[in-house]
Amino acid sequence: MLTRVLPRFGTRRSTHIFERNFMVYRSQWLMLVSGFFEPFFYLLSIGIGLNSLVGNFHVGGQVITYATFVAPAMLATSAMNGAVIDSIFNPFFRLKISHAYEAVLATPLDVNDVALGEVWWALARAGIYAASFIVCMALLGDANSVWVVLCWPAAVLTSFTFSALGLAACTYMRSWQDFDIVALVQLPLFLFSGTFFPISSYPGWLGAIVSISPLYQSTSLLRGLALGQFAWIMTFRMAYLLVLAFVGLTLAARRFRRILVP
Amino acid sequence: MTTGPILEARDLVKRFGDLTAVKGVSFAVEKGESFGLLGPNGAGKTSTLRMISAVSEPTSGSLTILGLDPRRDGPEIRGRLGVVPQEDTLELELTVRQNLEMFGRYFDLPRNVLRERASELLEFTQLSERANDKVDDLSGGMKRRLTIARALVNQPEILILDEPTTGLDPQARHLVWERLYRLKREGVTQIITTHYMDEAEQLCDRLVVMDHGTIVAEGPPSELIARHSTREVVELRFDTDSHEELHERLSPFAQRVEVLPDRILLYVNEGDDTLRELHAVGVVPTSALVRRSSLEDVFLRLTGRTLVD
Amino acid sequence: MSNTLDVTAGWSRWRRSWWYHATYYAQTWRGSVVSTVFFPIFFLAAFGVGVGHLVTAHHGLVQGQTYLHFIAPSLLATTAMQQAEGESLWPVLAAVKWLRTYHAAAATPLEPEDIFYGKLAWVVTRSFLTGVFYTIVIGCFGAIESWWSLTLPIIGALVSLAFAAPLVAFAARSQSDGSFVTIYRFAFVPMFLFSATFYPVSAYPGYLRPLVQLVPLYHGVALARAAAFGQGSLGAITIHFCFLVAMALVGIAWGRRTMRRRLVD
């Protein structure tokens, strides 16, 4: 159990937060289902028009369509976007607007349980989204090898990292207007992390900057896995995402405590 | 089981940066008692309450709740308390019943137990008919009752209420009071903060008066009134702005005179006698009212300020 | 009471509503200005330059244009749509339900219609200003080829009006924001992706093309493209233009009703 490895981040009681979210979202299932369609539409659109405009790609000796090139990146992006909604928007609402957490803290749950519970929820949702996305890739012919199934754990890891970072960021939000800043970080990450064109298009120094982007690391990891092209650098990419997740979670737990029980 | 107090605070201090919200308060609450913290906004009541709810840690001082130390046994203590916060903090997206059942899950209560208990509590707070409505659609009084029901879901040994009826209309208030009174009869210990003196008089067996983070008086309401005020109060209004001048003229007629911006209070034992005496010497107010002393007068006496400003 | 479609008669009143919306925006403009400034630059850099390189290398020109030139005008149209969407759903629901600021306004000499027109006027103003900025950015990327490009801000304003009118009308009759996310995901995202925004309509199989031409944003994109390149047949341009105007008029007629019902009846 992860809770045993990371006792400082919360206890088994954190699962009740998961339960709570499940109950709330049961009535909004359409919203959950619809979230899956967004990346599907993107893949479909690219397949219809851009495949022929951009032509085929040569990656590590394989010839792939543009949609096959972009699909893993879209999977990583959707993991990031989902984490932003689950870990920044919704907790912000409960932390600063509805004060739902304050009621929870009057029960045996501790601040860390609350933070960790939100991460569980984000992960569970991410797991479902990622699985359905991979099915989509296969249906639209954008998956070239059976190794694409390995994208699932990697996508969940991506969600974990962005959820932890998002939860930390959430505590710094002062009002809804600060979310413009979130979008201002999110959009360039989405556009420039090797999503739509390879990072080799950049001049060297810019490429170095882009490689800091966690979304770039995740995109590269997922692309390698989807094509069944394994390399040692993948271990580094995973470690990078894990370290960021750890940093985010530590910061989030500390900030939650400062806000909720000063 | 020891027979000592169910909650004991000694020299509690709570500091937020440079601000000291609670400056060393000590009190003890007995089992089955209704204990009140009375004071104006900003007196340190809510900060005190958050400490004795085992949510926020005292900066210094000692605190024992149900014989346990909140620094070490926070989750266990909170599992045996019920808290009604100042803001309702309900889950607006969930139904009335779901709010209760979900909250119960935080206490690790099994679902079938919760289903039953939710029904009982909805009955108790007269919300059964609204059980499947979204909380968003409830009136203020109903939300308050639901918050109280929610605090009872774990059958707490101590119920902690922060301003339970602030913002409610008189009818909704009386309904809340009546339910709290019933709980008291069932033996639930209650700790209540309020800035309404009538609420404190109605609900509390014993209370402390807080001001600027300290306790300025302690005792049962009737005793506090007897100790710090006279039996009756005459409230006079005059059609003049020079109340100070009147102060001198009136002081021979009362044990104590308080001049407020809009009226003058005379502290006396027999209000009607005083009024007659005043008439005899030609003091004619535009309006006069004789009433019994209340905690409001105690507070005015102790701090020189009114409770609700 | 003004029950005819004589909009100008109420101008002295609905300009107050416009002023109210502008003042409100003035207090919250920082974040959105940053996104207005940076988002087009980001998009043009990523798609126009980044993906554009790939397209040029493989396919060459698209409809006689470089890929950057090809997509620049469509981004102006999509941004106008997105701005209308951002201004019209949640803010309007907040004003008629959560904050009830429109109810407060309706208690003054303003009629519900005045509030509605003022809101639309403000959305149009904002989109026009954004359009001016966009046109400059597009110009900086070298994607302007005709004097007709000067009409791009007006096209942006028209697109945003065509979307804002029905959206405000819808939001004014909504009880919760539950459906908004669904609208966003099932209407706006697909429109953004399937309005011949990123590739010509000829990419679709023949039987799908008429369908694409029913998508409102398609007409905005086509109009913007015609203006930027200074080409296109008069007939086609008239159709695109009329489609958007019709959408705006239907939205206005609907919105007058829903706003009045929400605020007065």
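By letter and in written order, the chains are A, B and C; residue numbering begins at 1 in each of them.
Following the convention adopted for this analysis, a contact is a pair of C-beta atoms (placed from the backbone, for glycine too) under 8 Å apart; a residue touches a chain by one contact, two chains touch by 3 or more.
Treat the numbers as computed from the prediction; the structure is a model and nothing was measured.
Apart from subunit A, the touch network of the chains falls into the groups B | C. Summed over C-beta pairs in contact, the chain pair with the top total is A-C. The most distant chain from subunit B, with centres taken as the mean of CA atoms, is C. Overall, the chain located most centrally, as judged by its C-alpha mean against the mean of all protein C-alpha atoms, is A. With each centre defined as the average position of its C-alpha atoms, the distance from subunit A to subunit C rounds to 30 Å. In whole angstrom, the spacing between the mean C-alpha positions of subunit A and subunit B is 47. Look at where the CA atoms of subunit B average out and do the same for subunit C: the two points lie 54 Å apart. Multi-chain contact residues of subunit A (touching two or more other chains) are listed as 28. Partner subunit C is touched in their complex by these residues of subunit A: 28, 30-31, 34-35, 37-38, 41-42, 44-45, 48-50, 52-55, 66, 177-181, 183-184, 187-188, 191-192, 196-197, 201.
Those residues of subunit B lying in contact with subunit A across their complex are 16, 50, 53, 55-57, 74-76, 78-79, 81, 83, 85, 87, 89-94, 98, 102-103, 105-108, 150-151, 154. On the subunit A side of its complex with subunit B, the touching residues are 13, 16, 19-20, 23-24, 27-28, 98-100, 102-110, 261-262. Within the complex, the subunit C residues that touch subunit A are 28, 30-32, 34-35, 38-39, 42-43, 45-47, 50-51, 53-55, 57-59, 62, 67, 178, 181-182, 185-186, 189-190, 193-194, 198-200, 203-204.
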